[in-house]
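Heads up, there are several structures right after this.
Consider the two complexes below, in which chain A is the common component and chain B and chain C are the respective partners.
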Partner chain A sequence: MISAAVPRRLKLSRELVLLAILVALVIALSLMSPVFLTISNFLNTSRFFVEIGLVALGMTLIIITGGIDLSVGAGLGLVSVALGFTFKAGLPLPLALFLGVGVGLAGGYFNSLFITKLDLHPLVVTLGTLALYRGLALGLSRADAVSNFPGWFAYFGQFYLGAVPGQLIVFIVAVAIVWVLLARTRYGRYVYAIGNNEQAAHFSGVPVARVKTALYVGTGLLVALAAIIYTSRVSTARADSGTGLELDVISAVVLGGASIYGGSGTIAGTVLGVVIIATLRNGLTLAAVATTYQVLILGLLLIVAVFLNEFFRKTEE
Partner chain B sequence: MSKAAAMPRSETGRMPAGVRTLLLRPEAPALIFLVLLAIVLAFSAEGFLDPANLEDNIARVVVLGVIALGVNQVVLSGEIDISVGSMLGLCAFAVGAVGESQGGLILPLLAGIGTGVVAGSVNGALVTLGRIPSIIVTLGMLYALRGMILVITGGRWITNIPSDTRALGLQSVAGVSVPVIILVVLLVVVELISRNSTWGRNVFAVGGNRRAARFAGLSAGRTRFLAFVLVGVLTGIAAAIYVGRAGGVQTNAGQGLELQVVAAVVVGGTSISGGRGSSVAAITGAVLIGVILNGLVLLDVPAEWQSAMLGALILLAISTDALRRRLLREQPS
Partner chain C sequence: MIIEEHRGEHPGVQDGAYPSASPAARDKSSSDTPGDPVIRVMGLTKRFGGVTAIDGVDFDLLPGEVHALVGENGAGKSTLMKIVHGLYAPDEGQLEVEGRQVTFVSSRDAEAAGVAMIPQELDLFPELSVAENLYVGRHRPRSWWGGLDWTAMRTEARRQFETLGIDIDVTLPARFLSTANRQIVLIARALMGDARAVIMDEPTSSLTEREVQRLFEVIKDLTERGVGVVYVSHRLDEVFTIADRISVLRDGLHIKTAPVSELDSEELVRLMVGRALSELFVRNPHQHGSIALELKGLSRSSEFTDIDLTIHRGEVVGLAGLIGAGRTELAQAVFGIRPVESGEIYIDGERVSFHSPQEAMNRGVVYVPEERQSQGLILPFPIYANITLSILQKIARAGFLNYDRERKTTDRFADALSIRGADVSEPISRLSGGNQQKAMIAKSLACEPSILLLDEPTRGVDVGAKSEIYRLIDQLGQDGKAILLISSELEEVLSMADRVVVMREGRITAEFDRDEATQERVMAAAAGVEEKAGAAEL
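Let's look at the complex of A and B:
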């Protein structure tokens, strides 16, 4: 109906709007706090958003296929407990780390079993595994904490290369890998195809179940990475680590333009979404806004973001 | 339902028609499981059969059950509401604050219901008018409402609530506690509305096949909107019971309740994909959760394992539902 150039320009405008929001945020927050607009603060902020960002990469792909994973926060807690408490029980830390990664992969695979084999909606499945993983973490740790890690473990979450935090480098590498995967490979096209019309994708020969399994397992891997970085950053393994992470992650992905109905979304958008949310959180903290208000603001932000998204989509059509 | 009736003809052909109809009710598997579990607990857990313990099993799930009645209608209509944990907290604060300053029972109760209706209407409007998926709306509201509690109260707890405000949680009539009576009355009322009113039938139609319902001239938007409002009304009533039983309100009141409510609804036998289920199913699920939690305590299982049990139970219930649907599909009609 409309020439191809018009949607392209409008699509650009969505990311421009995001950038404009980010700029406005930065200006507003730097007025509220003098230390906000400094390079050291930005680098410092990045230490906190990498965990959200890593998981958001996997979540973007899942949301593009029309799925969702609510269990990521609980999964982070379970991985943290798994590595911390096996270490406390006498397992050498490198092995405990591998075990943690294994738990993350297994958690993702367990989610995918219900979703692909039983054809259940990811929402209910991951709502169930959210309770299960958090409960396992609580039960196994008996609501206790482990914190006497050896010094080298701090590298994962507290290492600096010059002024650049180590996890920022991990994040940039992960972004590059997932971006290539989504935008430049056949696998990435499969992800969009499933999100646009799962049945049509199936009949066109897309291995739907295998792609979905890979997505949830891959997200499990990212959750495990985030858990290791988080546990190292706070030097503590606790069952309640990552509580509410799913809200931050889903907000970032949706803010970045991925449709919750599936079929659209980009890594660039998600990264912008992650940075906006991290900026907001960091800025609000620096401006001494209580965390209670931050919860309220984040919840409202999620709803507004989805609303704007669907509004943009309608203009595009 | 016609599909369901055709299913087990081969195995149950010799059964009396009444028994077969009963076995095909959505809540039948959960009820059978509940009876079996009660028998097992009666033998293994000391004190399970005490009348006081049996009533406590139900009394402890009244808040859960009342809210589950509402969420059950939302799920039947093909949507979901996971904001109820925070909604209960906010309603409980409304009840507590009005009770603290005004006393009495009616005003605090109305304040609770009013708060619930407003929150439920926001959910419903965003889902139906804003066309945002209910999971996102209610996930956002779960956090926004909890944030609102903290902002409004500034972290303050309400502790000195007069006893007449607490009447719904404290009193008992003829040896049966008021919360249990309220639960039974609401179950009957909601089930009657669900079976006999136009709206109640529309909920099944919209949840079963929204496009078909729309082509048949039903207002899918209004039907779902009212389901969300019903959740608000029932959460307001539940809040008055909660305040009555607890005697105070903390800022984390109702935290995590949304998981138990969804668990109650799907474990009881209401299909998460909408269109199939009943109010009896929601209450069966709630009582089942109460009995399981009670059993864990009686069997000395540490409280930390409760969440894991709840999660396993949800997964078991939805898997059973999925297998049932698969069997129905494979059965030649």
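Let's look at the complex of A and C:
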């Protein structure tokens, strides 16, 4: 039963390659650090990749339509500041959380307005809103931080069910929902159709603008969710939260096989991409590699991922 | 050099080799060396996976002749020509250029050996001038300080066009050129590389009749210089006008090569498809019902003005005109793709205005676009996903896809329209052009429309698929559908339409009933009687 546009055989081989990379990575890193290959370390790692992973789910769909959203990191910072500082100003925390979700949705909708109504390229639009959202966050917080949250707020980012971190469960549920959405619903088919040939999709009666709006708004929701988890995990709302998140997210999605030109990509691939990137980050940290070098390695990985994708696409032809 | 060589006194074609060639053909070929073809292929075979695209094909091209290559879509014409032009490597067989055996690794090798191809999709650089386009990929003249010598480039470019007898402003960016002139620029480019053989793949598929005439003059000029021309086309009337010899391919096999005088169109069609020409156009007269679609004073800035048009249930209205007359724009405006600026649209007497294709489809209006690949189909999608794309709202329960239902719907239409060539779960790009066209019509029929706007439904489609599409249009008419048939092929409009409406420069200039419409009348209305010579050019 093929519902995606990508031939099944190819998808499988690409994902097998990703699994092989992951295995190689795990072996290499476990040689570098004795604590790396332990269940507790894996579960611990998962606490860190959930934020990347949630946003990567939305980003996968955006990239399949041929779009991109660079504003996700800035959006995370803005949501974090919005909920933190309205709480500090006296808003009850539950309401502040809803407000944060509202800010995330609004940020996504704002992006989609420029992209669908004015037909501007998502790269330029979200580069602009990246600066805009980060600037707003900095302005609202006046470079200050909020950290005196009530105890129950810690549940969002520090709760464990047995040994399993709570956010991992949230992530698994989100993966299941987006997976079904992309692979089994009309909406998912539209996403692939737009990415492969937007004009033909429009001519065929696909509501292109509505689909895209829903995508960016949905990604805004995932950003807000990630922001809440992140703010809870570090117990601090700060304007620079989520800086550089877009690099990790886009790397994961592209590594997972989504074509940056649109038209192809899967949730399974993205999840593998997220796990690989998080494993790499975690392993490098355990092996005491400085953060600056980690970014350098990630940058290289992104380029290698794009190369691999094109390589697979060519061998398919 | 080429010219002198072939204007020498070579013996004429031996009668045994190419008997009873037409007078024109004999004149031309009499100046050639018969035993020395520009291109000769022997026993060429090419397989793609398990499919044999061409199977042991022989073909040759003499200097100074026009050799037409005809066959249905999927017969192997393109594959053969791509091998000759170095795009594919053959699995078996030999390729000779001017008597020497060659192996092309890329098109560049073919061009260097003097084999040029004018592709169906014209690839010029739109922002570069005509002169610059001629020099793309070749040595450009330099001035004394090492910069480009623009004067020399333009002079040489002008000289090229002069020898072709064509007047083109070589400083003009290519994007301002008409399709016909783009084609001529590509021909000039091929000749600059001293091409000995020029392959033209469907060169007239988007040209108006007048432009076709001009292209033919250029082709004649080429042959007089001893250049051989391979002319790949679906349009048999053109083939008979321009060709000296005709080769027929069918299902990857070489069926026959003969001088044009030995064949007539009925015979040719029979060779191509194994059916007779008289079967191609069937139209069963029937009664028309009430008015289904009515346009009143429809206008949109520079595209079309003050259009009044009615189509009854069961009626096929042919919309004739030259390319750029505003017919596509009008249909797209009715379909909700382009906003209408003034005027009214009525469906079954009720005023409507669509802002998107979904709205139009919900009211039973479908548009089958002219641009199959860019507007009609999602090429990497499986066949079934293309056919169900417009009706997912109906067949997806609560938004969830159901493969069995999609497949069932697809099978129903694939059978009804006899879409052949691949399993419905294979990408639609694997289908031939004719079958892709039928799939596009199937997609629109799945919406259960009452009004169909068909934009050039047989463009780039082989004779067999064409007759099937005609039969289908006729059937849809009998089923009470209202059909607008946009077509640049006069023969098609005249044989299919109950009524012919002619547009020119955005306005309706004439309307004829089926029995009043003649080629001359429609053409006169489409081209404008007092049109100045050359006004439609550039």
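By our rule, the second predicted complex is superposed on the first by the 306 of 317 C-alpha atoms of A that agree within 3 Å, B and C clash if a C-alpha of one lies under 4 Å from a C-alpha of the other, contacts with A are read in each partner's own complex, and residues count from 1 in each chain.
Everything that follows uses one rule, which is that contacts are C-beta pairs under 8 Å (C-beta built on N, C-alpha and C of every residue); 3 or more make two chains touch, one makes a residue touch a chain.
Model, not experiment: these values are computed from the prediction.
Once the two complexes are laid over each other on the shared chain, residue contacts for A:Leu132 go to chain B alone; chain C is not touched. In the superposition on chain A, contact of A:Gly263 is made with chain C only, not with chain B.
In the superposed model, A:Val206 makes contact with chain C only, not with chain B.
Which of chain B and chain C touches more residues of chain A: that partner is B.
Legend: residue contacts after superposition of the two complexes on their common chain; A:Phe307 is shown touching chain B, with no touch to chain C. Of the two partner chains placed by superposition, only chain C is touched by A:Asn197; chain B is not. When the two structures are aligned on the shared chain, A:Arg184 is found in touch with chain C, with no touch to chain B.
Considering their complex, residues 68, 114, 118-121, 123-125, 127-136, 138-139, 141-143, 239, 244, 247, 250, 254, 260-261, 290, 292-300, 302-303, 306-307, 310 of chain A touch chain B. Those residues of chain A that touch chain C in the complex are listed here as 1-3, 5-7, 184-190, 192-193, 196-197, 199-207, 263-264.
Interface residues of chain C, counted against chain A in their complex, comprise 337, 356-358, 361, 367, 369, 374-382, 385, 389-390, 392-393, 396, 399-401, 403, 425, 427, 443, 447.
Against chain A, the residues of chain B that register as touching in their complex are 80, 82, 126, 130-133, 135-137, 139-148, 150-151, 155, 259, 262-263, 266, 272-273, 302, 304-312, 314-315, 318-319, 322-323, 326.
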